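Chain nomenclature is as follows: A, B, C and D, assigned in order of appearance, with residue numbering initiated at 1 for each chain independently.
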């Protein structure tokens, strides 16, 4: 792997990753690479290990063996916080938000944590005017400005989904991992989410798990197909769409 | 950066305005503290009882930082109160009689003990957390209670002399200095706690109370914040302990007894968690009621205190303050409500 | 931070000024207000009830005026050894109720917390429920002790044991301040009487289980066991354990200070207390006409339950001295200095026996009785078997 | 050598006593996920019912035990129906505060009915004194405690953890809605479980009153011990409570015999260490 050219160097890489829950082997020897700024989709039937893979990469789960590299640096044993500080941010399949905080406060909190300004201090939050402005800008960008002051718990599911993504984007990640971002959204909202993501700066890599094939084929540069804990195929969306093996993986032979 | 350009300026101003509104001292807060100060001039008021209400209020507020803002309950918060009380007691006994500096020293030592406790209980939750805090409190109580040559044990620390405040105001038997000293110190420490709770750290505590897993994913040092929250809570509790020692010139093991840990929890729940004022309102109600009940039915007042607690837990679980506020909000809905008050931790 | 906040503060202003337990009536010339600060609730509620019954009896016999002044009582509940509450109540009754005398507060921590106030406000007080040495005297010039000082009860049994040939004595005390004092005095006295210490134990105050200690005492094979435990479940527990574990049956003499066989708790111990030898300041069995009359009247007025304990006799003597001192300054305005100088140095016959209040520091010199627990017509009693005359408080 | 065996025997007896006193709480706390500190008050009233039965009605000691079980069981059903059933899905802290309030009320009620003094408890003659067993002189009452404790443990472990009733109770606790859906009368089962828990607590109070002394402050004195046993033993398992009770009982007695100067706080240190090492108790299920 050391013959990689610098600018196409992998932002994320796993080398012979092995993971098992007790006897059940999830990944035997998973090698995976994601280039800087690449928009990469992971598809595959349920139970193919997609969410487990994301949890391993983001540190919520520890692999049995093998290593994970971020920007060329080994992070297998880093804590989830260290990974976030290193620029790797994820969203959850099921919304995981702050019930009692309203969207504005939630995003401001994310920004404060990003700039590590949330430690013991006597200055009021209102003093952080640029962060508050940035938060408001992000909410406006994702069309949540009108809901900024309402209770997060009272937001419709679709808007909560958007807020989940805003919280991740707020951290200006180098690598954004999205676990079924469009889940529970209408197709129109789904496209809206993905077009927002497309606008993100070029050097932010995005790795997302998605079932909606036309979203995948429209927004992904590269598609990986997972099945039963193995990377069956990794290619451009068109090739994956045409490949008989992918159809076989989904429909079974 | 087209998104930023599209930003309309009024959106930004409204957002900063929102946080400024939350931080600003509103009229009712000022009235509350003036009312408390006004108690001094009420004819025939028991000044010593008032000073102890301020001390209990400060102590309950220190628990509110942990329980109301970070969602960590504790059955052993009196441990920090006792540490502060004994540090102030030793200062008074061994020549460091100036009260304010002794108070600061007491807060510092209590903060260290709090920080260590935070480290210890980081991964424990639920009944286990209640048991660990209770256990630590009982161990400290047992140690203080038995080492008679060091702490005077059950008879308390003797020979504690406290110099007049600023060399001018002696702690007289009528409790005048005690009243003002306790009130002003309680107010200053309240202001500090209020600033911290309105600061980014306060927001981080609320985030961790609501959803620790999400905070981890924002890169927040959640466990480190637990220790910092414990240090802050312990420092304020230690200050309350020191105030009690200095206003009564005496300290005994019951400053860190299980009864005190239970009482402060009851006071906070009666007042209401998550708004810093709950502690003071709870202290006002609990101490006046107990003093009055003990006078009219000396043997059976336990029954009425128990009944009060059952009623508050059953019908006013959010506490008196929030329930009264909810009543008032029905006619005149308020615009900005503190995040900590919206969804009670229970 | 709505209107609710100042609404609640305003309510409490009303509650506070309106409801304080008793408005301070103007200080009439011809009344003397006595503050009664005892524990009426919680673990030690018997102390308060006993004080009230004794005062009721005293005022029934000697009327409610003394030296031409009407006696007015102001009662407050210290809720047990709770210095924070005790100090506040003393301050309240002294500064707002303007009491001139005080019976109590009970327990050593409460007494110590109250001392500076009583000194400054010159309010004479009677220590009827705290035994630690040195809590009367120079630190509280206006206080008089009618209870007892720890050494008074702890020292005599050492010499008594050696005299009866029980040379090897094991000492077991409760692990708190008075316990450590008592242990120190007893071991000193034992050395003086050339007895040998078979071993000593400090038993934690919150402790329901004694069998480990019983085994340790049995292994040491002492002639006698000396016990110091506070009144209450610890005394009951250890006496039952000593009996159930067969220590007493194996011939070890059981000794202790009178607290462990106090009349108010002895029935709960039952026959396990039989034969226990204790030092005491008072027993209802004391053989004197004055005592027989006192016991008869007390039971007639207050009933047999709860039984008469040391708190009662300490309060009785305090009332006795109050009335005498007030009569001595009849007609004049109440003068605390005269009151205290009249009492300090006085000797008189109390139902417990002759007592003297030390001139210099107001502590008590009294007879100390060696007693044994026997059944007197079916009831467990502390029968006095030896009298040690005028034992000092050092 | 004999003293070590006697100390061990006394430790086991004290362990069984702790088990008897806290098994009621482990039933309610563990199986019903309800932190009921007022269990200590049920124990106190159990003691008072026994004392009243023996002294006012001349009921012999052994016969008074079933009476205590039934009376306190009934009392706990009333309290459960009136108060507790509204608090099943509240958090631990709310339950702790509610039950502390009930403990305060029970102290005043006991003082009102039975007075503030310690109760006089006369054991039947065959239960007092010592007996020579295998060369050791052991206290008869402690032998009786071990016998009753063992019997209760067997009945409970088999009864609640191995029988259909036990399964029904655990089903209700794990998921009340679903259990209700498959036809289990959850209210009845919850009330019944509380009755068993309360009855056991009453029995615990009656059996321990002789050793620990009975007065209105009984709950405050022994509340902490009950909590320690149940949390160390593992919320919800009878066997966990038994092992924790025996372990702490023996450790306490042995501690006092071998290094008496440490005395009381050995138990507290053990508790904190155990709760940190296994927050759900020795045998507690990972809830």
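Just so we're on the same page, a contact is a pair of C-beta atoms (placed from the backbone, for glycine too) under 8 Å apart; a residue touches a chain by one contact, two chains touch by 3 or more.
These numbers come from a predicted model, not from an experiment.
Chemist: Common contacts of chain A and chain D?
Modeler: The shared contacts of chain A and chain D, listed by label, come to B.
Chemist: With respect to inter-chain C-beta contacts, which pair, A-B or C-D, contains the greater number?
Modeler: Between A-B and C-D, the larger count of C-beta pairs in contact belongs to A-B.
Chemist: Of all the chains, which has the CA centre nearest the overall CA centre?
Modeler: B
Chemist: Farthest chain from chain A, comparing Cα centres?
Modeler: Using the mean of the C-alpha atoms as each chain's centre, the farthest one from chain A is C.
Chemist: Hey, how far is the Cα centre of chain A from the one of chain C, in Å?
Modeler: Computed from C-alpha means, the inter-chain centre distance equals 74 Å.
Chemist: So how far apart, in whole Å, are chain A and chain B when each is placed at the average of its C-alpha atoms?
Modeler: So the centre of chain A lies 41 Å away from the centre of chain B.
Chemist: Could you put a whole-Å number on the gap between the CA centroids of chain B and chain C?
Modeler: 37
Chemist: What parts of chain C, by residue number, touch at least two of the other chains?
Modeler: Within chain C, the residues that touch at least two other chains are 42, 45, 49, 175, 202, 204-206.
Chemist: So which bits of chain B are touching at least two other chains?
Modeler: 142, 146, 299-302
Chemist: So which chains actually touch one another? I want all the pairs, not just one.
Modeler: A-B, B-C, B-D, C-D
Chemist: Sort out for me which residues of chain D touch chain C in the complex.
Modeler: My answer: residues 3, 6-7, 10-11, 13-14, 111, 115-122, 128-130, 137, 139, 141-142, 210-213, 215, 217, 220-222, 225, 249, 252-257, 260-261, 263-265.
Chemist: Name, in rising order, each residue of chain B that touches chain C in their complex.
Modeler: That would be residues 26, 28-29, 31-32, 35-36, 38-39, 42-46, 48-50, 52, 142, 145-146, 148-149, 152-156, 158, 173-175, 244, 248-250, 252, 254-255, 275, 277, 281, 284-285, 288, 291-292, 294-296, 298-302, 320-321, 324-325, 328-329, 334 of chain B.
Chemist: Tell me, which parts of chain C touch chain B in their complex?
Modeler: 1-10, 12-13, 15-17, 19-24, 40-42, 45, 48-49, 75-77, 79, 81-84, 87-88, 91-92, 94-96, 108-109, 112-113, 116-117, 120-121, 132, 175-178, 180, 202, 204-206
Chemist: What does chain B use to touch chain A in their complex?
Modeler: That would be residues 3-4, 6-8, 11-12, 14-16, 18-20, 22-23, 192, 195-196, 198-204, 206-207, 209-211, 213-221, 228, 232, 339-340, 342-343 of chain B.
Chemist: In their complex, what parts of chain A are in touch with chain B?
Modeler: Against chain B, chain A makes touches at 58, 80-81, 84-85, 89-90, 92, 96-102, 104-106, 108-110, 112-114, 117-126, 128-129, 132-133, 135-138, 140-141, 145, 148-149, 151, 153, 167, 171, 199.
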